[in-house]
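So, here's a batch of structures to check.
First chain A sits with chain B, and in the next complex the same chain sits with chain C.
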Partner chain A sequence: MSVLDDKERRIVGFLCNWCSYGGADTAGTARANQPTDLRIIRVPCSGRVNPLFILKALMNGADGVLVSGCHPRDCHYALGNFYARRRLETLKEFLPIIGINPERFHYTWVSASEGQRWQEVVTKFTDHIHKLGAAPKWSEVPALKDVKFDLVDAIRPLGCGTHPALAELKAEIKKALPDLHGVLGWRKGYDAIHAEPFLMQTEAEVDELIWGPFNVQNLANFLPKHAGKKIGVVVKGCDSKNVVELLVEKLIKREDVTIFGIGCNGTVDYKRILAKLPEDAVIESVVGGGSGVKVTASGKEYDMPMAEIAQDKCRLCVKPNAVISDVFLGKPTIEPECEDGRLPALRFLDTLTLEERMGFWKGQMEHCIRCYACRSACPQCVCRDFCVSDSRDPEWLTQEDSVEQKMFFQLIHAQHLAGRCTGCAECERACPMDIPVFALKQQFGRMIKKIFGYSAGLDLESMPPLLGYELEEANIKERDL
Partner chain B sequence: MRIGIFVCHCGSNIEATVNTAAVAKKSLEYPDVVFATDTMYTCSEPGQDSIVEAIKEHQLDGVVVASCSPRMHEATFRRTVQRAGINPYMFEMANIREHVSWIGKDKDANTNKSAELVLLASEKLRNNRPLFPQQFDVTKRVLVIGGGVAGIQAALDCADGGIDVVMVEKTATIGGKMAKLDKTFPTIDCSSCVLSPKTVDVSQNEKITLHAYSEIESISGFVGNFTVKIRKKSTYVDWTLCTGCGSCIEKCPSKKNPDAFNEGIGTTTAINIPYPQAIPKKATIYADVCRKLRDGKCGVCAKVCPTGAIKYDMVDEIIEEQVGAVITATGYDQMDWTQLGEYGAGKLPDVVTGLQYERLLSASGPTEGHIKRPSDGLEPKSVVFIQCVGSRDKSIGRPYCSGFCCMYTAKQAILTKDHVPESQSYVFYMDIRAPGKMYDEFTRRAMEEYGTEYIRGRVSTIQPHIRPDGVVGYMVRGADTLLGQPVEIDADLVVLAVGVEGAQGAAQLAEKLRISYDQYGFFMESHPKLKPVETNTAGVYLAGVCQGVKDIPTSVSQGSAAAAKVMALFSKPKLQSDPQIAFVDIKRCIGCGKCITVCPYQAIKEVSFRGAPKAEVVGTVCQGCGLCNATCPQGAIQVAHFTDNQLLAEVNALCQF
Partner chain C sequence: MSTFFATPSALLGWLKSVSSDNRVVAPKKKGSVVLFKPWTTEELGACQDASELLIRSTMSAKEVVFPKCETLYELKATKDPSDLSKLHQELIVPNNATATVLFGARPCDARGFLCLDMPYLQGPVVDPYYKAHRDALVIVTQACSNALPTCFCNWIGSNPADEKGSDIIFTPIEGGFVLSALTEKGTALLAKGGFDAADDAKNTAVSEAQAKAKSQLPAESTLKDIPQKVYARFNDEAFWNKEIEKCLSCGACTFLCPTCQCFTMTDKGNQLDGKRMRSWDGCMASHFTLEASGHNPRPSRGMRYRNRLGHKFSYGRKDGDFSCVGCGRCIRSCPAHLDIRTVLSNACEGAQKKGEE
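Our next item is the complex of A and B:
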């Protein structure tokens, strides 16, 4: 439906039935004159407003979205608006990274008796949206193409050999094996630079275990699939955070999991290794040691220093040691301080204007093939076969091959991980099209950290902030328009 | 689907600023819409009949009415479509009155907006599903909060109707503000003589359980099945043993404490019974002024008590009651008038409030019914009454009229003349508001028979001064706006008709009850005209001044009205639950339990389905807020009538790139 002759802007309101919808009625009954742009969608409670509705509206051409609920402490359902406040604030802080001006989204509280206040809210918000003008459309912004990111320097020494405690680790696993359904680990994959996850169930299989810079996959990913069985898992620092998060969310039980922790010296980015080889090269062997690896491919040797081939997340890793373990093998790795944990894509995005960011994502999404490897690789993506992106009821996405649909999937993924993502960046590693999808989760992560001082996967006693609330939020201030 | 659209003119309410015929015509272009028309008054009988006919004639299976707010007529039209054989939830409303025609005059923009709101509604309707209510049992007991006259009336009427009543009163006696009054207007009845039979009834009625000196700790549950936790504050006296003999009060050495029942005029003992007709007539020790409890030295009351009722080690007790409905009758308090400098900011001893003056007039008061001013006991000969103190004053954020002050001021002027025949009373007023039965006649009597001098105007200062005879006088300076000149009156006593606001703690109680309240602490009714006793929380009703200012007869009426509502509610063998609640698609549920974590009602439980954990909604407990729906990542739990697909249909109708 078209916006009336450009006199109006497309503004969508989500109003709770009990307070704000009543407030809008009170304003109407009092004949309180208001601009005509706003279209109100009635919901039972502001807590019903999934932030994805707001993203959907903004992605699909809304110039402004307004959410209004009962005043905090005055929710008809007692708590709904407390949850809403956290989720909506987090969303507002997230928006700039996808190129949406956060001022296009406002949330507020209006009671059923506050007709006059409602009139003010609508008038001010509508005026503000008119000042901002029509929102840039995905179909119209120029796509940013051929983006290259700078390599970030490692904040710690990266190793590349076999872990010295590997023999000790194998012994420990063999000791525990009789009581377990199996132990998750890595073994050599289809060629020398690829490791693959596997379940060790016999001593012979334990002997296949490898431990080095090729063990990229996050083994926590496989734990929910084995829920209910006694299972062991070998974890590096990043994997262990996901184990914690799965335990926090009660998706696995502590007594079911035996955790073998080791310190990690960094893992490789396969794509960086392959980029250094001719396209038709066949990898024959890899020898690690010192500051790099030596790859033999199609009879030629290539020296590759870790400084050039390590994954970005490993360069900036501050938690290389398992944060939770039943048995910790070897000496812990040095835990460096890091002031700026942004991976290159986020660093790059931060330098762009809002419209350029939208163009950036448009350019990236043009490559997306909707393989959902990002989803499959994510240890916190526990819905698996029941992901909303494959569902007709609810039908958040169509199967249409458009930039908007692909981007919206990424937004669903990121929003579902807000406050739960531990930052393992497996989504990005798994992407066959090199799309830096982790930047979306990292944006949520840093905003969650900023608002709630919370990082997922560190504390067994914690609760993801968007599943909780405080009566008074220290870092959420009610905004004026 | 076959959808019919009915666009209402609402007389000229909508038609004047919306081209309803154009809206109806436009809506014929929308998907699945097979019929559209505009009607004069859709809610009228012919209007509703035309919907029924159209449903039959055009085989409609869904209806959209574009008219007023769904908060007004959704229930009406749901019944209409049901009459024609359609499930009531296959109906949607587009609010084109409160949200369109009444808030702007641009007819083109309004017509376009209305057409879009109809599209919104019909797109949602295309995703609606028939819903069916469940039935559940109801606990036929009612909680009455507040033991003033409104609460008493509500409790007695409910008890009369055979309903068990739990009454909670925060002070040590019921009776409320009315118990403090000397006489009542316009009959000059003795207030306590009128009230006492009712308070006694409360104490003697087998159906009523009274918890005095108690407060509401928490309320959970829902209509028909509330669980109330009541804090019985420690009285330090075992009321099952106390006979109300008063020996303890006679001997208590801590005598100089402000007397709350007497509004701070006069003093009382640390252990006391608020007033002679108190119900329950039991003693209470106030710990902050009791020598034994504060300093550990004394214990006289325990020694003299003939029944050994004194228990210094008593602690607050939390008890639990199950009720099916709640009547709040928490009344009012006076606003803090001491912030108003023109009346001496509370620092002048002989400037008293209307309620304090009631205690000076009352035979049970500190002066035994002889008017003696607080500072020196002088019988006042010149009394100035000032009305609208903290009422109808926008400059201090109190724009509303407190309603009953004009009348009680006239009554107090009459009583002053009765007590002190040689006295002269003056009343500063803004307007006289006396719209009740025999009210205007009453104020005229004050003027004409009792010679009260009414001065239209405001007071600017009250200045104490020493008269030649050494007695302190109060020079009241003000304006007479009818004569257009300043006035000065040398008063012996000044009585302020202080504006009222919702009782202290009203906001906190409202939050526990999940009802709305305004900035003055008054609870919000469900509809100002048609549902003045109901709240937006089903099963919670209002009586008396807690809802807004009103006098005694109106408070009593509302008490009875609230009782009638409760009896109507309880007259059904079972209640029907709203079917707009959450339901789980068990195939999609992965049993992660996030919905269980966030549910404010513990309405979702984990069940085992073929060995896997799944969420299950307890239908009668779920209130349909949809928090679970917004939380579930798979969208496996949906709140009926507000499902993801229904809301997405609305978003998609509005935003299409």
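Our next item is the complex of A and C:
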């Protein structure tokens, strides 16, 4: 029997040295009959099992992955399996969005004395994988082409007028400037609609500050670059969540940052603006007012209601006001309630079968040029110049221009952001190929919410769930095979 | 020069017949972005509207000669079944080049290939992989009938009807296209179309279309001695750090750019089999200059962008002979909305010419 003649399946097992590996030994010594499909990799502890090991195995054609460690409260290192339980459960809930059947992955606990239990676990899991058959291959599923998402309606009115509090904000920044290295904000960029981030260091520069629908960039991204200096930052609601998350993760110090906020009325999606103009139109001026902007380009006027040009994330935003600030000016924007924060790509993915989802990502990843702008734009991608995907040893990724490699990079990003991603969607905005990579992070986000009732970036005192554990997890139930 | 006229359907018919023994690469829309992608004979046959192939591409066309990742060689080892201690090793150098017709490149794209030729063909070593792709390539360029606000080909000594680097150039006019061959390769390819000669009225329409595009370009650059002035900024770290404050160092600009030519080489394999690959890399990535010791001579975004601008406009360049073709892709797709024209102007303004300090 072998994998090659299709009688065996490829199953990868990660077994902890102290319990499950011992359990497998006990079963072996007792000459218990076991299927031979499982390839065992011995790890010191189930806590050592990086979820990326599992994803990598599944992406590279494993038909199933089994993780087994010491029973909870019985870990050789006391706590390793508590952490593992949270990560593994979150991963299992994540898998369907990339078209991988979550039943191909199982985690359980087997102690060194439980030879018989081991025999049962491995037999049942192998049987199960045999029933599921060979895993679909990325190279073989048909790519989904020409996908179009529906525009989602905004849950609150989005507006564009000149903000009445802008003058006050400038005054406050000028007051604070002498004590700061600078304040991060936006000014008019190369034309009237393109704003660019800048660091205000003089009063004249503060006068250049703008506030409105074109302030798309998330300036929290720049904060760690200034770590150690006293720095100010102007934030929209979404940006402020990244400031919180950076503080929670101790990447910047609270006493070093001064946070300036104004209620946000939504920002634009440039693709949507440009689609309304002839491609050679030269943008001359723009005035905001009420619920839209009037763009003058090549001598013609174009009315653009925010309902048509706003970014998707703004349409569903429930935190338009800075969740944390030292100076907050003007009237806060009304905070709507919204249960369903799914952006169009995730809504669309939810309607697909597993195989179609794999095809969806295949179709998208075919166009990825691997620039990693998605990573650089992410304020929470704090490894910056030391990203694991650039490492040659260990080699997580090869340079091959294949869907699997490019997809695996997205899985690295999404997995590393699990429980940390605030949903700012900058990764997706930055992608020059317009790939909806945020959907992967949003899937992790909603599963984290479901399991731990947690959303990142809201509370300075909080603990990202994957950095902690409970002895008894309220929403993680032990699964039988 | 003789010019020919083709109706949209005749043009598509020509491309379809060309596709039987060539890979036809042309713009293809994917959502809101446009890529240069192969069009199969079936796709070209099914295409009802030639304008689908005439759109401007988000991505440059450089992949046809400089793939994102290319296998340079493979090693294969097989054990001798009769004596397992013996290993039979084989070195395979793949032939990656295919006869390719690049259709719908713009004049800036075509000139981009001339910039790529510099390191790959005109250096001390001719790169055989690049040369094979390049020899197998015929470039059919569309003269631009309009210019985007981000276009600045006139700053680098070019124009929307520039013929440099193309094998065939065509201009869309009312009712069809006027084509002319510029090289031998182009003449041979164009002959397959069997098109009629274009009459005077049509040639006049071409001049009018080209004049319109020209009029839409920004004012001619008044910058002088660009290479020297950019170079004079070399040690002005404060300048670079301030200009580049907004940059994310994401590198999207380098990957979209038709002239960015840098690569990395990696090996994949085990003790028996393996391959060596060459793939895109760029100066905006921190690891690009990371040395084995851990030292990085370009540790900041400013220093990296200095290289990007310097390589395009200064190092070994003369005024008007730049390694940027003014396509504006890096402006259009930059998440930070950084405009290379602004950085260039600011670098030159107030900068001293070398030797004048």
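Keep in mind that, in the parts below, the second predicted complex is superposed on the first by the 478 of 481 C-alpha atoms of A that agree within 3 Å, B and C clash if a C-alpha of one lies under 4 Å from a C-alpha of the other, contacts with A are read in each partner's own complex, and residues count from 1 in each chain.
We adopt the following convention: a contact is a pair of C-beta atoms (placed from the backbone, for glycine too) under 8 Å apart; a residue touches a chain by one contact, two chains touch by 3 or more.
As the structure is a prediction and not an experimental result, all values here were calculated from the model.
Peer 1: State whether A:Gly22 touches chain B only (first), chain C only (second), both chains, or neither.
Peer 2: Once the two structures are laid over each other on A, A:Gly22 reaches chain B alone.
Peer 1: Report for A:Glu196: first if it touches chain B alone, second if chain C alone, otherwise both or neither.
Peer 2: second
Peer 1: Does chain B (first) or chain C (second) touch A:Ile210, or do both, or does neither?
Peer 2: neither
Peer 1: Looking at chain A, which partner touches more of its residues: chain C or chain B?
Peer 2: B
Peer 1: State whether A:Ala307 touches chain B only (first), chain C only (second), both chains, or neither.
Peer 2: Neither: A:Ala307 stays clear of chain B and chain C.
Peer 1: In the superposed arrangement, does A:Ala281 touch chain B (first), chain C (second), both or neither?
Peer 2: The answer is second: A:Ala281 touches chain C but not chain B.
Peer 1: So, A:Ala165: does it touch chain B (first), chain C (second), both, or neither?
Peer 2: A:Ala165 contacts neither chain B nor chain C.
Peer 1: Could you say whether A:Arg384 touches chain B, chain C, both of them, or neither, answering first, second, both or neither?
Peer 2: In the superposed model, A:Arg384 contacts both chain B and chain C.
Peer 1: Which partner does A:Arg39 reach: the first (chain B), the second (chain C), both, or neither?
Peer 2: A:Arg39: touches chain B, not chain C.
Peer 1: Identify the partner contact of A:Ala143: answer first if only chain B is touched, second if only chain C is, both if each is, neither if none is.
Peer 2: neither
Peer 1: Shared contact residues on chain A, chain B side and chain C side combined as an intersection?
Peer 2: Touching chain B and chain C on chain A: residues 384, 395.
Peer 1: Where on chain A does chain C make contact in their complex?
Peer 2: Touching chain C: residues 147-148, 189-191, 194-199, 217, 221-222, 271, 275, 279-283, 367, 369-373, 375-377, 384-385, 390, 392, 395, 398-401, 426, 429-430, 432-434 of chain A.
Peer 1: Which residues, counting only chain B, touch chain A once they are in their complex?
Peer 2: Touching chain A: residues 69-72, 95, 97-100, 102-106, 108-110, 112-113, 116-117, 119-120, 510-511, 514, 516-518, 524, 536-537, 580, 585, 587-590, 592-594, 597-598, 600-601, 623-627, 629-631, 633-636, 638-639, 642-645, 647-648, 650-657 of chain B.
Peer 1: What residues on chain A touch chain B, complex-wise?
Peer 2: Listed in rising order, the residues are 1, 4, 7-8, 10, 12, 17-19, 21-22, 24-25, 27-29, 31-36, 39-45, 47-50, 53, 56-57, 60-62, 70, 73-80, 83, 87, 111-113, 119, 137-139, 249-251, 382-384, 386-388, 391, 393-396, 404, 416, 463, 467.
Peer 1: Within their complex, state which residues of chain C touch chain A.
Peer 2: Chain C residues touching chain A: 30-33, 35, 56, 58-59, 67-69, 146-149, 216, 245-246, 248-252, 254-256, 264, 266, 268, 277, 279-280, 285-287, 290, 296, 331, 333, 335-339, 341-342.
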